[in-house]
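Since the structure comes first, as structure tokens, the remarks are kept for the end.
Order as written gives the chain letters A, B and C; numbering starts at 1 within each chain.
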Amino acid sequence: MYRETQIINDAATLPSAEGELVINVGPQHPATHGVLHLVITLQGETIQKVEPHLGYIHRSIEKMCESLSYRQFIYVTSRMDYLSAHINNHGCVLCVEKGLQLEIPPRAQVIRVLMDELTRIASHELWWGAMAMDLGAFTPFFYAFRERETINDIMEETCGTRLTMNYMVPGGVMYDLHPNFQKRVKDFIQLFNNKIDEYDDLVTGNIIFQNRTKGVGVLSKEDAISFGCTGPVGRASGVHCDIRKLYPYEVYDNLSFDEIVETAGDSYARYLVRIKELRQSIRIIEQLIDNIPEGDFQAKTKAVLKLPRGEFYSRVETARGELGVFIVSEGATTPYRIKFRSPGFSNLSALDHMSRGSKIGDLMAIMGTLDLVIPDIDR
Amino acid sequence: MFSLEYITDSIQHWLYSTFNPTMALLLECLIIILLVTAFFGVLGLVLVLMERKVAARMQIRLGPNRVGPKGMLQTTADTIKLMMKEGLTPDGADKFLFNLAPFIVMIAAMLVLAPIAFAKGFQIWDINIGVLYVSAVSSVSVIGILMAGWASNNKYSLLGAMRSGAQIVSYELSAGLSIISIVVLSGSLQISEIIASQQTGWWLFRGHIPVIIAFVIFIIAVTAETNRAPFDLAEAESELTAGFHTEYSGMKFALFFLAEYINIFIVCAIGATLFLGGWMPLHIGHWKGFNHIMDYIPSSVWFLGKTFFLIFLIMWFRWTFPRLRVDQLLSLEWKYLLPISMFNLLLVTLIAIMGWHF
Amino acid sequence: MTREELKENIIQYRPNAVFDETGEWLNVFIETADWKSFAQWLRNDVLQMDYLFCLTCIDWSQTAAGKTVLTMVYHFTSTTFRQALVVKVKLDRNNPEIATVSDIWRTAEFHEREVFDLFGVRFLHHPDLRRLVLTDDFDGHPLRKDFEDPVNMIKL
């Protein structure tokens, strides 16, 4: 019998403590946004324990990458955190470039950062809609998708695809920018600046929303570090963990933007961090869009890449936090061992700690603001 | 002038002149049963379509637009689909209660329809305790919901049913107190008399601020009583998948769905009757001409217009607000709405005794 | 804190520590038996390595160097000093056992379960050592180099 079937049966039949109720949230459940399975123990409506069961979408990407060349494996990682596919690819190419000691043309660097930030906005947009839906408000989802569509169109024009862009190659980007790119991005910025205020009106200021999220799922700074929470989750707890600021890659050290840090550590703080990050991403795009340097969009590389023997580690800030790519090379054309340190995995591990003692409704608020993407966790 | 009262009177007259009184009464009952069932069907279709169109408007999309002109037959098609579906009963369920529950909910919704005045003189049963009857019978539906949740043998259903029970029982208090404030003003429990007392103006306008407060509390409380967002904790889909009707499918699910919309219609009809004058046209003071024009609009249009305005209001809530948490829901009722409405009732009583209303 | 200071601190605590400085960060090799006490020292003493950002394992069985070696790799950094340190612990491939650090860094709980699942390393005193992503009746540890699955694996 499959383990999960066993768990589901056990949950139904096992004698539990007085008044305890064990329920399965997932693998198919509206709030888990994918095939995440949580076994939660309830006392009335109060959560005693949350136990995540992973692996429903485990594809062993790390094993797959061991048999793919250094050019190929990059695109498998789009399927990890599919909402920040572009940034995942970025992490991988950075690691390969670190091994090859490649110099990236300035134009390619700027294009990469622009695409990263657009991806981040798209990802936060989807999170915003989905999180509001978890809390029972359906309409924001459609508002978020309206603007996200614009980004997808921009992506489609330049990269050829809308979700898994596969735009990065070691040494630069795959194609040059589409001639319309600058104009469309500028239009988007203009449109989007008004829309963020609309988001604030619709959700941020709503008294029900604030009551649902303030003081819910509090994660202290020490715990956030100990659980390895990064990205908006870590920053909402007061941890300075923005890789773009701490260990700048590409052109981030020349840009002026703020690392958003809140101190409350509750769901509302996590919400605020992401909403404010939207504005920072716009700020970064505004600085770069008129200053894309001329030149090559790709460095000259050999057809077959071989990394020297050694270990290489690169990290980037995805929309969910710190993505680490760890490549062990034996000097061959394929990586000997590759490890992805995915942000969602560590963030999920804090879920049990955060949700104990809160209500079922709070669990949805916490999961919504953790912004879990299940393929990123299972890999 | 065209009037529904004229039609009902002539039918009644014809029945009593053709058959003996018992037979005539039976035939009348039959006609009413047929009418009410047909009305329920049509109302369900219209309200579901309206909900979908309103939701679509608010969510910058088009909504149903393929089946029939402007998608008007969409809900009919959905109903046919639901009828063709197999009604599953889970293995572990208590089969009798499981199958009974949707009918209890539905019957409770149907019963409340009796004292509602749809137009001038167009009322099924004008009992002298109309308002009391409505508040009493509408709370029967909670039994059906608890039954459905318990009999499903599903933990989500059980949690949903328990939430629903706690919620409906609590919110009935403030809904009841708001209703009482109108009873105090009009001095009667009979629906037709309450409407008649608003001849010179609707209570919402005549009763100063306390009645407006009562109206707001009434709207909040009935939204909660009908399990509508932002108080839809009983079926909170992101928490409990579908709450008490998780295990229902096919026509039994459709009955729950229909009952929800019928309940919305009924509570809005009550709200329109008590606060907005039922079928009474809008009259403003001594503007003879204006009042005369208003009188030309049929009373049924007035009633349905007011009711659908309130229904729209409740749909508006649903597509705007996030859901409350279960403890916040109860604290809202017990800590805020109930004390406010109690105090408000005192004020209304004072107004009624002193005759301060217009 | 610079890399040299980091190294000096470790040498003071462990004079016989073996270093590897070829990579981006300072690597230090620790014996299995010393690991737990070293981890506690890392976390609580001068280095304040409070953030374990990557925990993984490498199977060296296809290389000439280590037919029977698994290496646990821990990446640490300190949120106060921002200096990364890589700790490596060599394990016997046929009987891999190492003390858990999930009580020191809570993120290790899930990461160690993942390593247990995919490499078969047993973490002693781990609170809940079960397979994380694979089914309980799964045979073998897929990230080991000798894992064969003729149905689902395609040789390129």
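We adopt the following convention: contacts are C-beta pairs under 8 Å (C-beta built on N, C-alpha and C of every residue); 3 or more make two chains touch, one makes a residue touch a chain.
Since we're looking at a predicted model, the values are computed, not measured.
A.B. asks: Would you mind checking which chain's mean C-alpha position lies nearest the centre of all protein C-alpha atoms?
C.D. replies: If one averages C-alpha positions chain by chain, the most central is A.
A.B. asks: If every chain is reduced to the average of its C-alpha atoms, which one ends up farthest from chain C?
C.D. replies: Using the mean of the C-alpha atoms as each chain's centre, the farthest one from chain C is B.
A.B. asks: Between chain A and chain B, what distance separates the C-alpha centroids? Give it in angstrom.
C.D. replies: About 45 Å, centre to centre.
A.B. asks: Taking the mean of the C-alpha atoms as each chain's centre, how many Å separate chain A from chain C?
C.D. replies: 25
A.B. asks: What whole-number Å value describes the gap between the mean CA coordinates of chain B and chain C?
C.D. replies: 64
A.B. asks: Can you tell me which residues of chain A touch two or more of the remaining chains?
C.D. replies: None at all.
A.B. asks: At least two partner chains per residue is the criterion; list those residues in chain C.
C.D. replies: If we look for residues of chain C contacting two or more partner chains, we find none.
A.B. asks: Hey, which residues of chain A end up touching chain B in the complex?
C.D. replies: Touch residues, chain A against chain B: 21, 23, 29-31, 45, 132-139, 141-143, 146, 202-203, 206, 208-209, 211-212, 359-364.
A.B. asks: Which residues of chain C touch chain A in the complex?
C.D. replies: 22-25, 50-54, 56, 58-59, 62-63, 73, 75, 79, 82, 86, 105-107, 109-111, 114, 118, 131-137, 142-143, 147, 153-156
A.B. asks: Would you tell me which residues of chain A are touching chain C in their complex?
C.D. replies: So the residues of chain A touching chain C come out as 2-4, 6, 54-55, 58, 60, 62-63, 67-68, 98, 222-223, 225-228, 230, 239-240, 246, 310-313, 315, 322, 324, 326, 328, 330, 336-337, 339, 341, 345-346, 348-350, 353, 378.
A.B. asks: Per the contact definition, I'd like the list of chain B residues that touch chain A in the complex.
C.D. replies: Chain B residues touching chain A: 55, 58-61, 155-156, 159, 229-230, 232-233, 236-241, 319-328.
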